[in-house]
Structures are given as structure tokens and as C-alpha cells.
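There are two complexes below, and they share chain A, which is joined by chain B in the first and by chain C in the second.
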Partner chain A sequence: MLSLSHISLTIGEHRILSDVSCSVDKGEIVGLIGPNGSGKTTLFNVISGFLAPTHGTVHLRGLDITCSSSSRRAQMGIGRVFQNFGIFREMTLEENVLVALEALPKADRTQRGNLRKIAGETLEMVGLQSHAKQKAGSLSGGQMRLLEIARTLMSGKEVFLLDEPTAGVSPKLTQQVADLILQLKKQGKTILVVEHDLPFISHVCDRVIVMDVGRVALTGKPDEVKKSKELRELYFGADPTT
Partner chain B sequence: MQLLANALIAGSLAALIAGGLALVYGVLGVFNMALGQLALTGGYIAWWLHQVAHLSLFVSVIGGLISGALMTWLTFEVFVRPFYKHHRFLPLVTTIAWSMILDGLILLVFEERPRSILSGGKSMIPIGSALISKEQCIMIILTIASLLLFAWVFHCTPFGRKLRAVVQHESAARSLGINSAVLHRVIFIVSGVFAAAGGIFIGIDQNLSPTLAFSLTIKAYAAIIAGGKGNIWGAIICAYAIALLEQLLVGIHWFGAFYVPAGYQQTVALLFIIGILLLKPSGLFRSVSRTA
Partner chain C sequence: MNFFLHIIVMIATTVPNVLGFNLLFGRGKIFHFGPLGVSIVAAYGIFLVTIATDSFTLGIAAGLLVVSLASAFFAWLSLRLDADGFGVMSIAVHLGLLAVVLNWSSLTRGALGIPRIPRFVFLDSTLDFALFSTVVAAVWSYILWKIDKGPFGRKLIALSEHEWHAKSLGIDRPQVHLIAFLLAGIGALLSNVLYPQYLYLLHPSDYGFPGFVFFVTVVVAGGPGSVRGCLLSLILLSFLREGLRFIPMAPDILGPLRLILFGLILYIAVYCRRDLLFPKQRTV
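Entry: the complex of A and B
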């Protein structure tokens, strides 16, 4: 579904990403973990078109999208949930969903029919329908996250890039976010999730990619990666069992 | 009453220009320092079409608005777009340079003498104890109608929602598939059309003069800074407030002893910015924050 081939990115004299290659299959949930500054969010920026790689290519469904703009990639099916909440705080919850639906290509919009009704259903799905006419800025962090994920889901995206979806979210809402992600998987969506919460990653992900200093350090199933010495060294500085 | 009527007329002119400028700042985060000159260009083209080419007033006004749009588009493509992605302050310098070039061109082509789009006297309509010309009435109504239309587009249409999304979180808007580059261009051109309408307003109500550009720009900036940068409605309210203060300054017989000379009217906008910023550095109304 999504594949990255030999991605490198240099900004000024700093090499941010070095020869990153990986792929995500349709319907797969892949966790992207690693210490702060390891290049996870930068990799998301490259995939979603906010940064152009110095070398390498990005393919979506076999199509080379390396030179496509971020809005074009979104229209091709890549959706993103931002670490710092990508919601429009001065707009109501209903408008937040409507604007996502209205940004769809015309054929998709026509096919969907009444967009306001879909916006209502989207809010109902995450239990926010009673807040529909409130400004999104009045929501709690967890509610903002749910709104953002639900909005991305209803805008018909096929690939989801979730950047720390549980950051600043209460344990109860974290479970709701996890349920929503698993619901996306059931619908055949492809998901890449950046997260520091390892139990959360183990719970939702099929596979984990560990990044360090801009390169892929390790990849495997969550349980295998959790037990690995390299991961413990990356996160804790040294293997605590030795 | 006459002071209020004059304030409404001057405020409508300033609101047209400041509203467009505030929108550009909100969406792109850049200042266009050539806006006064672009306003005058629209006014002078309308004057030329009506007084020299002898086209009807309606066609001349449309011609002035189109020329304003084209000149603003040129400004965007040559003096703003290549620079603002690198640093949002660069267009400040490039548009100052463009404003100086335009000043020279306007002086060269249209000369220094005052130009009025309408020749002959104006019929005045008494409203209460105030006298307003028919043209002024039409212009106030058109300005308020344009601002209401704009408010409807901005708050109630899909285009307006996309625009507000780009203002509030550009990266998130782009990640939803909204083409912010196209919106930037459209908004910049819309601000130019509003400015050209302001220039035509001056040409019909008073006289066009090449020296007016700087004061138009300063008043518009005073309104957007005092109104909370990027807050369109704050800018429009402040444009009317500045116009009212200007009229009060020169229209009142202070302490029954003296009138302030009309030349000091221009200082009101500058004093207004300084006063507001001292009291409330973020502006009277909440600024629109840019997160991307």
C-alpha cells in the first residue's frame, strides 16, 4: 500500500533521515517508535508531503508520489493526525468535520450525498454529537484527538499517519482511541502510528519499526521488539538486565 | 450628525481596504505595503476609462476593479510568492520596493494634479441635520453590502470554511486535501479588488492624488494592528473607529477656543495604534493565531 525506498533528508548540515526503507501493507497497523529526535515525525512529514526528501522515493499503491504536494497526497488517500492537535479551534465540531468532507474531490462529495448528515454521524461515532455546535477549542485534549481521528476516517482516507495519538489523553480515552484504531483496521485501513506508549503499541500494532538517529534500527512483531536488547538500550541508555 | 455621516463615509473607505489587508495577514501572515498604491491604481484606471476613454461609469468601475485584481495578482506572483515561504517578513521589504516603483509610475502616467472620476457638482440629500451626496449614499450601501456578502461567504459557505481552516491550522487544512496555495492567491487578489474599490470610492467622492497612497496604507495598518492582527472584523470596526476619531478631532470646536487644523487628521491613525498597543499590545480583539 505504502512504501518508502532509501529515504534520506538533510536540512542544512544536519542529516535527519538516512536511507530509510520500509513498507506497510493494506490493512496493517505499524508502530513507529524510537527516542525523541530519532526522525519519526520527520518521516511522517516526508510521507504526507510537508518535507521533500533529499534522496529516495515514496510510493502509494505503486504510484510514485514523491513530488506530489501535501494536499494532492491527502486527496489520494493519505490522512494525518497531528501531534499538536490538527483541529480548527475557532470552528464548531460540525464545521471541523464538514470542512474535511468538503475538501474531497467533487465526485466523492456527490456520491456521499448530505454532508451535514455524515458530519452528525461522525460526531455520534465518537460520542461528541452533543457538542456539535460548540467551538472545537473548548474540548479536552482527548476529545480533540477523537474528533481529529474521526474526521480523518470520515474523509475517506486509506492510509492514516497518527502522530502520538495518546499524548495528553486520559487512560479511559486512550482505550477509546485504541478501539477506534482497531475499528479502522477492520475497515481495511492502513495505519502508521508514532507512539511512546509501548503497551498501547503492543495492543494495537501488527508490526513495529524502531528508529534511531534517522535510520531504521529494528523491525519485527511487537512482542519480539519489546524483548529485544537494542530497544531497551535505545530507550533506557543501557540494557537494565545486564 | 454631519461628523457621524463623514465618519461613516471615511470609515467605509478604510474598512474596505483594511478588511482585505486583515484577511491577507490572517491567511498568509504577510504584510502588503503596496496596498495603498494598488488602491490608487484601481481608482486612476476607472478615472481614465470614464474621463478619457468616455466609457460609462459602470463599465469604468468594473474596469478599475479588474485592473486592481490584475495588479494585485502581479504583486503576488512577483513580489510576494517567491519570498514568503522563506520568511514571512521578506514581502514587507519587497512590497515597499514595489510601492515606491508604483508611486513613480502613477506620478508619471497620471501626473500630480487631482483627478475626479465624476465631473460637475453633486446633488446632496439631507438626512437629519447631515448632508450626504447620492454617490456617497450608494458607496456606503455598497460597502456595507460587500462586507455582509463577504461575511456570509466567510462563515456560511464551503469556500469560507476552507479559508478559515487555512487561517487556523494550515498544515491540518493541507492534510485534509485543501490546496492552500490556491487559496493564498485568491485571497491576495480579493484584497486587491477591495483596495481598488476603495480607490474608486476616493475618485468618485473626492479627488485622486498620487500622494494619498501612503496615508491609505497607514490607516489600513492602524486598523488591522489595533483590531488584533488577522482579525478581519476587528480591523473593520477599528477602521470605522479611526474615521470617527479623525472627524471628531478636526470637527469639534475644542473648549470653545480653537479647531485642530485638518492637516493633523492624518496623525489620528498613528496615535490610535500607539494608544491601543500601549493599553492592549495584542490589539482590541483577539488575534487569529497561526499554527503553521
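Entry: the complex of A and C
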């Protein structure tokens, strides 16, 4: 579904990404973990078209999208939830969902029918329908996160890039986010998720990619990666048991 | 009575231009400081061709063409430069266009302006003018209000609030900017097809920096992005501006006094509305 081939990115004299290659199959949930500064969000920026790689290519459904703009990639089916809150505070909750639906290609919009109805259903899905006409700026952090995820998920994308979706979210809402992600998996959607919460990653992901200093350090099933010596060394330095 | 009709004409002929500027600056948070540059292009484009060909149809068609080109140029600049850079560049373009008009005397008569501007045949009296320009202003206000409340307005807000988030939803920034600038350009065209007709004169002093300060004051005081707020603010500030003419003072004192007064209003309005005025910078 999504494949990255030999992606490198150099900004000034700093090598941010080094020869990153990986792929995500349709319907797979892949966790992207690693210490701060390992290049996870930068890799998301490359996939979603906000940064152009110095070398390498990005393919979506076999199509080379390396030179496509970020909005074009979104229209081709890549959705993203950012690390910070991506809610438009000057708009109401309903408008926040509508704007995502209205940005879809015309054929998709026509196929979906009444967009306001879908916006209502989206808000209902995350229990915010009673706040539909309220400005989004008045929501709590957790509610903003839920609204953002629901908005992205309902916009009919095929591939989702979720950058720390549970950051600043209570344990109860974290479970709700996990349920939303698993619901998408059932619909055959492809998800790449950056997280520091390892139990969350183990719960929702089929596979984990560990990044360190801009390169892929390790890849495998969540349980295997969790037990690996390399992961402990990356997060805590030298393994104290050795 | 005549004074009120005059005020109505002044307000109604300014409405399309100010609302177009509000769409860009107030709603889109695009630091376009050259709306009067587009107005210069519109006014001279329309009336130079109208006078040369004796045809309003050709004049308006020429105006539409040059306004579209000028708007597309400003849109392109807004995409190429960051917000502050575009602000400075748009002032430079406005002043450049003003300098061309002032110095290309063989075509524009320079600082003397172009007198005997022709009028539409059905605009005989000030009352006719007031009625017609009010209808134009009302229709344009309704159209822009609908656009503002619709999908396009939401896309503009999304881009102004957070460009990356908006793009990641699939919002095409170049397309949205181009449409916004073209709409503002059409507003400038409507205002400038009427205003010089009313005065029978096309004068470059109407397109100087004080005019821009008035536009900014109207948008900021009315609530950036709000169509209703801008209309209300335009009405009140126009009454204030025209009412100052009745103060028994020499014109060389009254002119600067008016600028100081509007500068003060702008200062207070910017201070009170600073949260709504500037793009919210966030990192990703």
C-alpha cells in the first residue's frame, strides 16, 4: 500500500534521515517508535509531502508520489493526525468535520451524499454531537484530540499517519482512540502510528519499526521488539543486565 | 438630503472593495497591503478603454482582464513569499503602480487625473446613483456572505489557522488563494466602475496610502472576517470621515487631523482585536 525506498533527508549539514526503506501493507497497523529526535515525525512529513527527500522515493498503491504536493497526497488517500492539536479553533465542531469532507475530490463528495449528516455521525461517534455548534477552541485537550482523529478517520482516506494520537489524552480516552484505530483496521485501512506508549503500541499494532538517529534500527512483531535488547539500549542506554 | 445621498454613494461604492479586502485580510489572514494597487489597475483599465472606445462594455471587459491578471499576480506573490514578506511586497507593488500612473502622463495625465469620466446613461442624478450603487453593494455583500459561510470560507479559515493541517486534509492552497484574490479583484472592479463615475473624475490621490489605512481600519474595527461587522464599521467610519468636512478648519489642517484620527482608531482596534488579526503560528 505504502512503501518508502531509500529515503534520505539532509537539511543544511544535518542528516535527518538515512536510507530509510520500509513498507506497510493494506490493512496493516504499523507502529513507529524510537527516542526523541530519531526522525519519526520527519519521516511522516516526508510521507505526507511537507518535506521533499534528498534521495529516495515514496510510493502509494504503486504510484510514485515523491513529487506530489501535500494536498494532492491527501486527496489521493493519505490522512494525517499531527502531534499538536490540528483543530481549527475559530470554527464550530461541525465545521471542523465539514471542512475535511469538503476537501475531498468532487467524485468522493458526490458519492458520500449529505456531508452535514456525515459530520453529525462523526461527532456522534466520539460523543461530541451535543457540542456541534460550539467553537472548537472551547474543547478540552482530550476532546480536541478525539475530534481530530474522528475527523481524519471519517474523511475516507486509505492510509492514516497518526503522530502520537494519545499524547495529552486521559487513559479512558486512550482506550477510545485504540478502539477507533482497531475499528479502522476492520475496514481494511492502513495505519502508521508514532507513539511512545509501548503498551498502546503492543495493543493495536501488527508490526513495529524502531528508528534511531534517522535510520531503521529494528523491525518486528510488537512482543519480539519489546523483549529485544536493542530497544532497551535505545531508550535506556547500555543494558544494565549485561 | 443631498449630504445623506452623498454618504450613501460613498459607502455603497466602497462596500465591494472593502468586503473583498476583508475576505483576504480579515478572513484569510493574508497580509495583502496592496488592495488599492488592484483598484488603480481596475479604474484606469476600465476608463482608459471606455474613453478610447466610447464603449462601457469594452471598458469593463478590459478592466476585468487587467484585474484578473493583477489579482493572479498578487496571489502568486502570496504563495511565493512568507506572510510578512508578502505584506511588504504588496505595499511595494501598490506604490509601484501608483508611480506608473503618476508618471505616465501621456496616458494617464499624471497627478491631474482624468476628468469628464462618462456615466452609465441611467445614472442621471445622485438619487439614481445612490439607488444603483446600493443595489450593487447589497448583492455583492450577499454573495460574499454566502461564500464566507460556505465551503470556501471554511477552507480559507483552515489555511489561515494552520496551513499544514489544512493541506493534510486536501485543501489546495494555491487554488484557494487564487480564488480569494480574484473575488477581491472583482470587488475592486465593482467599486471602481462606480466611484469615478460619481465624481466625473479619476484621480490618483484616491488610491494613496490614506485610502488603504481607511480600509484596514474598517476591517479591523468591524471584526476581521465578519461581513456584517465590516459593513457596520464602514457605515460608521464613513459618516465620521465625511462629517469631519463640516468642522470649520483649513483643509491643510483638516487632512492631517483626519489621518491622525483614523490612525488612532486603527491603533485601538488593532490593540483590541490582536488575537483575531494575526495568523496563529504553530509548529508541527
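Keep in mind that, in the parts below, the second predicted complex is superposed on the first by the 241 of 242 C-alpha atoms of A that agree within 3 Å, B and C clash if a C-alpha of one lies under 4 Å from a C-alpha of the other, contacts with A are read in each partner's own complex, and residues count from 1 in each chain.
The rule is simple: a contact is a pair of C-beta atoms (placed from the backbone, for glycine too) under 8 Å apart; a residue touches a chain by one contact, two chains touch by 3 or more.
Note that the structure is predicted; figures quoted are calculated from it, not measured.
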{"item": "Clash or fit (per the criteria above) of chain B with chain C on chain A", "value": "clash"}
{"item": "First (chain B), second (chain C), both or neither touched by A:F50", "value": "both"}
{"item": "Contacts of A:Q83 with chain B and chain C, given as first, second, both or neither", "value": "second"}
{"item": "Contacts of A:S70 with chain B and chain C, given as first, second, both or neither", "value": "both"}
{"item": "Chain B versus chain C as contact partner of A:I11, first or second or both or neither", "value": "neither"}
{"item": "Touched partner set for A:T41, first chain B, second chain C, both or neither", "value": "second"}
{"item": "Chain A residues contacted in one complex by chain B, in the other by chain C", "value": "48-50, 69-72, 74-75, 79-80, 82, 84, 86, 88-91, 95, 98-100, 102-105, 152, 155"}
{"item": "Chain A-touching residues of chain C, taken from the complex the two chains share", "value": "151, 154-155, 157-158, 161-162, 164-173, 280, 282-284"}
{"item": "Chain A to chain B touching residues, read off their complex", "value": "48-50, 69-72, 74-75, 78-80, 82, 84, 86-91, 95, 98-100, 102-105, 151-152, 155"}
{"item": "Residues of chain A touching chain C in the complex", "value": "41, 45, 48-50, 69-72, 74-75, 79-80, 82-84, 86, 88-91, 95, 98-100, 102-105, 152, 155"}
{"item": "Complex contacts: residues of chain B adjacent to chain A", "value": "158, 161-162, 164-165, 168-169, 171-181, 288, 291"}
